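Two complexes are shown next, each including chain A; its partner changes from chain B in the first to chain C in the second.
For the complex of A and B:
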């Protein structure tokens, strides 16, 4: 028992439970219960409309078997993997680190300006950011067309996944930048100085001196942003999964199957698979946390 | 100052300039297009006018959706902060049976059960409770999703508040309620502020849950109306969308400036998820 287990205010256990109860009620009702219910809905043929809406039947693992056989589901898994790898594991990670690294020792005014702009991209509401990129990538006089002198290129139609990757990198890099900035502050300056005197270039310094120090941060960051990216629904706002399912990442597919096609049972089975994926990543993350602590 | 050093230095600034452009250029549209007489998608110097602003305020749903956003956010933020503060305090100070398991489960829940993974049961739940199209109900769902993370941030905070403050207050005869209200909450104010801002920004930008649970256009918050405006297509839209995007962004930008000024952004790496 640590000192924190004293009860300095004299609350007593019953009163303490009373203080925790309101939060637990909401969490139970809107988080824990839905998670369990998703498992159940996933083994039924529940529909939004029609006969199976009134009386869903339990169909066992049929929905899961259907998913594994479904070309659209396989397509979504592939696209989600691409989205996570491209925008989180590589995009946000690399750009966030590069920014943290490049901005060391830069004049404070410039440093604050760059950090401010990157943070603003992170703070702006998702739907606004989606529209900003919708404008940039538009065929009708979008900024990218103007910059590249390629009028009439419909980037969102011709390169939907690449567009999503750039969009999500833009939106999420600030988190990695903040994390790596504080990680870099903990690297002993003497070691960096030694590397510099030994004539090591930037890349070698990062690889041989910095990376061993921040390996834990890199892992933690990669897991967290991957989790968020895999569950991100904003791609729906930018491409709505189109054209022709070419950018239909898993969250978008689940929404389409549930609300557009009304296949609640089937969509719930796919949600369950996403939930299991999240659980695996979260457990790995918790494990790492405990090892570091 | 060897030549290699100069080249590296120049290289660094060129790289920074490129990255800065990448992040800044998409935002410039938000500064110009709202006030441009002929707004388009591209970034350009505007032909100044205030006609778009007038048109946006006359739009039947624009202002109403911002009010809806405010209602949704204020309820969700207030509930999250208040409930999380009470729970975090109790969990920090009293060893309730099963506390450690509870904390572990909460930590798992907070990252595993997302709106996306739970959208079907949440939709069915609200449908059966008759709470589809209820702004209050939607705010509670949003609060339920934010609570575990908020509890963790606040518990960390409460853990660092010295226990001796409460003990002295008790010596002077304060009741547990008075200790909480007059001693603990004022001391934990910075933590409460962090959670308040974090919840507000999260709820303000939340698209999926209101999109799922508020089907009536008159009840939709700004996040969902953005989508509706975009779907309508046509030329009337580009007069409304830029101004509307700007109005919708202002509250979080103001909050960002306040947080940045008071605390800097370094202290809370995990503030937005």
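For the complex of A and C:
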């Protein structure tokens, strides 16, 4: 066997290692180290202030046990699932696809214009969007109240989760729309034509002709937007988790435990659990993707 | 696999080392430096929160101090790190600063945080940072009354210099009172008095009669400007005989009061649940849409203040009245009092990480000199830490005089214990539950359980 066979890409050469090392160093510095640090803090009773800030003790898996037994954690887990399902899996996905599908036949100029407007929601920074929706959902002359003729309805207080779902759907739809626009371009026009000639309606065409072609895109998109939504902190800017924990999704709960209550150890344990949850979700999607391949 | 374990363990060891850093205090560090940079950190910002304090630091303290130092041959550069954050956020920021070895050289804190920061080793006694001789030699201590000095002490040691104190009252809108046919010279004698007055104000359209801070979104304001004064009105302090009040009769009474306010339509329950509810309550009061509001004199000085307040009220001086907070009934308050109040106050500390301990102390003395304290007031009403300044400025201001003469003698301070924030959080949650519709008994039970989980059954009274 020649050397080339053993290492066909030349990955073991000093040159290759030299090229990869900076990236590895950065990953180690900015990903692995903080993750390990968080993991370590998660097994201590470390606090922001007070005696346990001066001399944190290692408490093993106590924090994890506390979290799994904590009604607030269970509440946040449920709300996060609701948030992801409602705004990402269903909201952004469906609306994004619908827009992409409807814009197919539209004249390019008009299409670009619509896409541009939708994209604006995607490129605006989170806090800006939050303040925008604050104005929409406020009970003090809020846009929605005016439109519906229901003055004085405090949407963020009376329907906090529904408000967050609408907000996040609006915010993230553009990404799904763009992704599906490019996916739809890959569907062979001849098949769509055949479906049309066979008299298939819009829904049947999507289900039987389009969907099998873009299944991979759907899965990838759903995975990405689910993870983003599960880790999204902007709900804090809108409702701060309230009222009475009714919109306290996990990132907000973790923030509050860490920085409001100063329980850094406990909050780290909960972030670790969130990370594990994300990994499980990612693995399920990847499995589905691979089965398709 | 084994190698991975070794790597993980050594990283964990490294991390553990980082957590338990110990600093060596050295009061003589850079004592003779002639080129000095100092930073003041405060929760004050020009044109926003505590604007008056921010302007004072920027326009008075920094130029004057720099000049005074130049006369001594020291080139001092003083920076002012402004903040305009909520109290809780500011506390978090300062704690993170201290934890990471950063932060300003002189930092303004709420006195109630001192114990926590001290226990964490994030602030240290002035004697250790600056040197006992230097600290004792300051003549300003003689002007600060003992009760006020307590604000800067923890475990019997001096950690900071108090910045003054405050008192709480019921602010009310005289204009609304007149429109509802109520006397504008008002002093309720018990909770029923307050509730009856509020019920009459209910007749005014677009007006919420009463605002009693509740819920978790308001943060410490719920405890300090809501639960604690009410609790004192039932005759009990939140920490008594070494125990925290659990589901005691006093706590149940307070939660019943909340129920009467928020389920009988006297207060706006939605406001208590909004993320920015407190700011909004200020704005509503300034717009003449809230009748009665329990607040500290800070509200008068910095919120509805006509020129620099965050919710300016051009007609503050004619429209806003104030009254003592009544106990549940005459004589039912703590210590048999008819009226009650709670007080807090700010403290300035020196960051143990400072590169210039001596010069930071110089700045501290300067900030607390009679001349500086007087200038900080800019003619406004505030109880200061210095008796000599108070003697001069108390005269002639009705609101300030009222706080000093009538409120401070009956007021109570919060216990400076590290567990206090947990108790406070549990109390806020209990009021949030009542506002959201749970019965006072039910809320009290949950509160009791949460409290036991937080501080241990031995430290909780009632049940």
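Here is the rule we go by: the second predicted complex is superposed on the first by the 252 of 293 C-alpha atoms of A that agree within 3 Å, B and C clash if a C-alpha of one lies under 4 Å from a C-alpha of the other, contacts with A are read in each partner's own complex, and residues count from 1 in each chain.
Everything below uses one rule, namely that contacts are C-beta pairs under 8 Å (C-beta built on N, C-alpha and C of every residue); 3 or more make two chains touch, one makes a residue touch a chain.
If you're wondering where the values come from, they're calculated on a predicted model, not measured in any experiment.
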First, second, both or neither for A:50, with chain B first and chain C second: second
Which superposed partner A:243 touches (first chain B, second chain C, both, neither): second
Chain B versus chain C as contact partner of A:37, first or second or both or neither: both
More chain A residues in contact [chain B versus chain C]: B
Touched partner set for A:259, first chain B, second chain C, both or neither: both
Contacts of A:154 with chain B and chain C, given as first, second, both or neither: second
Touching partner for A:200 - first (chain B), second (chain C), both, neither: neither
Touching partner for A:162 - first (chain B), second (chain C), both, neither: neither
Partner chain in contact with A:19 - chain B first, chain C second, else both or neither: first
Chain A positions touched by chain B in one structure and by chain C in the second: 33, 37, 41, 46, 237, 259
Contact set on chain A toward chain B in their complex: 1, 3-13, 15-17, 19-20, 22-24, 26-27, 29-35, 37-38, 41, 46, 95, 98-99, 102-103, 106, 110, 113-128, 130-136, 138, 140-143, 145-146, 170, 173, 175, 178-179, 181-182, 202, 224, 227-228, 231-234, 237, 251, 254-255, 258-259, 264, 267-268, 271-272, 274-275, 278-279, 281-283, 285-286
Chain A-facing residues of chain C, complex: 8, 11-12, 15-16, 19-20, 88, 92, 95-96, 99, 113, 116-117, 119-122, 215-217, 219, 270, 272-275, 418, 421-422, 425, 432-433, 435-436
Residue ranges of chain A touching chain C (in the complex, touch as defined): 33, 36-37, 40-41, 44, 46-51, 53-56, 58, 139, 154, 156-158, 237-240, 242-245, 259-262
Interface residues, chain B side, partner chain A - complex: 8, 12, 15-16, 19-20, 22-27, 29-30, 33, 40-43, 79, 83-84, 86-87, 89-97, 106-109, 111-125, 140-141, 143-145, 147-148, 151, 159, 163-167, 169-170, 176, 179-180, 184, 201, 204-205, 207-208, 212, 222-224, 226-227, 230, 241, 245, 248-249, 252-253, 255-256, 260, 265-266, 269-270, 272-273
